[in-house]
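Two complexes come next, and they have one chain in common, subunit A, joined by subunit B in the first and subunit C in the second.
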Partner chain A sequence: MTSETTVLSAESGIAGTAAFLADYAALLAGCGATCIRIEKNTGRMASAFGLKFDIAVMPAHVYVTVRENDNGESCVVVRKVAACGISFNLNALLSRLSWEVADNRLDLVSAVERFDRIRLTKPTGKWEVLILTSLANASFCRLFGGDAYAMLIVFFTTLAGFRLKQIMLEDGCDVRLTFICASFFSAAMSAGGCIFNIGATPELALGTSVLYLIPGVPYINAVSDIIERHYLCAFSRFMDAAVLTVCLSLGLCAGMFILGFKWF
Partner chain B sequence: MVSDILIDVFEDGLFAAIAAIGFSSISNTPRRAYLTCALIAAAGHSIRYVLTMPDFGGLHIIPASMVASFATGLLAVLFAPRIKCPAEVCFFPALLPMIPGMYAYRTIEALLSCLYHTREEVFGHYFYLLAYNGLTCSFIILGMVVGATIPVFLFKKLSFTATR
Partner chain C sequence: MSQQMIAWCVIAGVLLCAFVLRALERYFIDCHHHIRFPKHFLESGREREMFFVPGDDESDDFDDL
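On to the complex of A and B.
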């Protein structure tokens, strides 16, 4: 749904409110918020608009039902979950918007305007993410007991693998294929440490080199959804994360086999 | 002796903090949350490190991870309102350095070894490694996630008003 359509729908009463709330919930779900946060934030805004409200958060869609208190007129809007990727920045901005609507009694048009501005928020710079992730994975290696050589190997293999991931995702490649390729690339490069016996802990470098790909947020969200009995979403998030974990494992194994590195 | 322990704990916390900042950036965390995530990760990981040290009772890594994650979740709930971010923005990146990556790696290693070896005793050995590493890895992750999520639901009002 484009920002223009949201603004237009904002002018059409209960249907506009329902469309806004559905767009809001779809973006919040897409940026990696838990189901309970989606319910609470959206419900808070519906109460501020003086409407009764129900929401069903499904793995790929959100269903929003809005009812007027007096005459019982109701409207149901279904929206596809936004494919914006995990973004805690969006999560924080959207949560703040819900409080602004509730506390400052923003009208629908103002809320929609702010929402459209939030939707245009740029993600963290790709070079910043690349460097910080490489440093993070090298630190991860140190936490597992890796020496300075292992940390250096992990830093550069993460840099290469993560850059490949960025390029493939920018080109619109399938995320699973991307994970396999990035994992293969990082593993194959860091297997060199084992083959040439660089440092005292080359196997730790190899094991850690693909860990930047582990989809930690969906795993954590899945448990949070289970606690709140959103089992469908929890299962969906868990399976998404499990498939990506399998993909990174495949890439790791393929990289090691091709370079002839053996545990046996 | 004591200074050595303190240096080890500090080093552990420092690298956990760097890891948390990096993993924060992957998830598009607001920059103002980086420092908080780093401090919470350092505290959480250091707690686990201390709990697993033989001098301090040598707790098994599974309960130690759960206790450390609970502390991480608690700190996140307390500090999230200061940076106007939801609690999960703070504790998700702070938890990631505790993910048992080497157990996961050894699980896959053992799985492939199982497939490669057919002799019963060798296969049994690798199957044992597969089960040991896989179960340890799974229960660490489960303990971590449950431990960190409990404070969010215990202090629901505080958790969900952080961005107010």
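On to the complex of A and C.
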């Protein structure tokens, strides 16, 4: 839904409120929030608007029901979960918006305007993400006891693997194939430490070179959803994460197999 | 050179080729988007293009004679 349609629908009472809350929940779900976070934030805003509210968060859609207290008029809106990718920045901005609506008693039109501005937030630059991910993975290597050479190897192999991942995803490649290729090349490149005897802990470089591909957020969200008894979403997130983990394992094993390393 | 080293070099070469091809692809797309001012590594031009000062007579083309 475009911003214009959201603003137009914001002027049409309960239906507009329901549309706004559904858009909000769909974007929040898309940027990596847990089900309980989506429920709390949207419920907070619905209370501030003086409406009764219910939400069903499904793996690919959100269903929002809004009711007025007095005459019982109700409206149900279904929205597809936004495909915006995990973004902590977007998550924080949307949570702040819900508190501003609740605490400052923003009216619906102002809330929709702010929401439209948030929706235009640009994602973090790809080069910054590339460098920071490489540094983070090199730090992981250090945490596991890797020396400076191993950290350097992990930094450069992550740089190469993550850049390959960015290129393949930009070109619209399947995310599973992308994970297999990225982990294969990262593992194979970092195996150079073992092949050329660089440093004292080359095996740690090999082991930690693919850790940047572990889908941590879906795993954590799956656990949170299980605790809150959102089993469908939990299972969906867990299966998504598990498939990606299998793909990165395939790439790692293929790299080790081609270079003649023993798996165990 | 062992088999492992050869395999590693081949894999590194393939990855390097992928990055170089991508960079070239980007470069040519950029050139295509800037057709009026295409970027070339090497190009030839008239001498007055290098020393042209805004206000000079544009019909003055004696340098090429």
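Keep in mind that, in the parts below, the second predicted complex is superposed on the first by the 262 of 264 C-alpha atoms of A that agree within 3 Å, B and C clash if a C-alpha of one lies under 4 Å from a C-alpha of the other, contacts with A are read in each partner's own complex, and residues count from 1 in each chain.
Operating definition for what follows: contacts are C-beta pairs under 8 Å (C-beta built on N, C-alpha and C of every residue); 3 or more make two chains touch, one makes a residue touch a chain.
Keep in mind it's a predicted model, so treat the numbers as computed, not measured.
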Does subunit B (first) or subunit C (second) touch A:163, or do both, or does neither?
second
Return first, second, both or neither, reflecting whether A:103 touches subunit B, subunit C, both chains, or no partner chain.
first
Report for A:117: first if it touches subunit B alone, second if subunit C alone, otherwise both or neither.
neither
Residue contacts on subunit A - larger count, subunit B or subunit C
B
Regarding the shared-chain residue A:217, is it in contact with subunit B (first), subunit C (second), both, or neither?
first
Quick one: is A:90 in contact with subunit B, with subunit C, with both, or with neither? Answer first, second, both or neither.
first
In the complex, subunit A touches subunit C at residues 160, 163-164, 167, 185, 188-189, 191-192, 195-196, 255, 258-260
Residues of subunit B touching subunit A in the complex:
12, 15-16, 18-30, 33, 45, 84-86, 88-89, 92, 95-97, 99, 101-102, 104-106, 108-109, 112-113, 116-117, 141-142, 145-146, 148-149, 152-153, 160-164
Spell out the residues on subunit C that touch subunit A in their complex, using ranges where they run on.
2-5, 7-8, 11-12, 15, 18-19, 22
Provide the residue numbers of subunit A that touch subunit B in the complex, in ascending order.
32-34, 37, 40, 85-92, 95-96, 98-99, 103, 123-124, 128-129, 132-137, 139-140, 142-144, 204, 206-208, 211-212, 214, 216-217, 219-220, 223-224, 227, 249, 252-253, 263-264
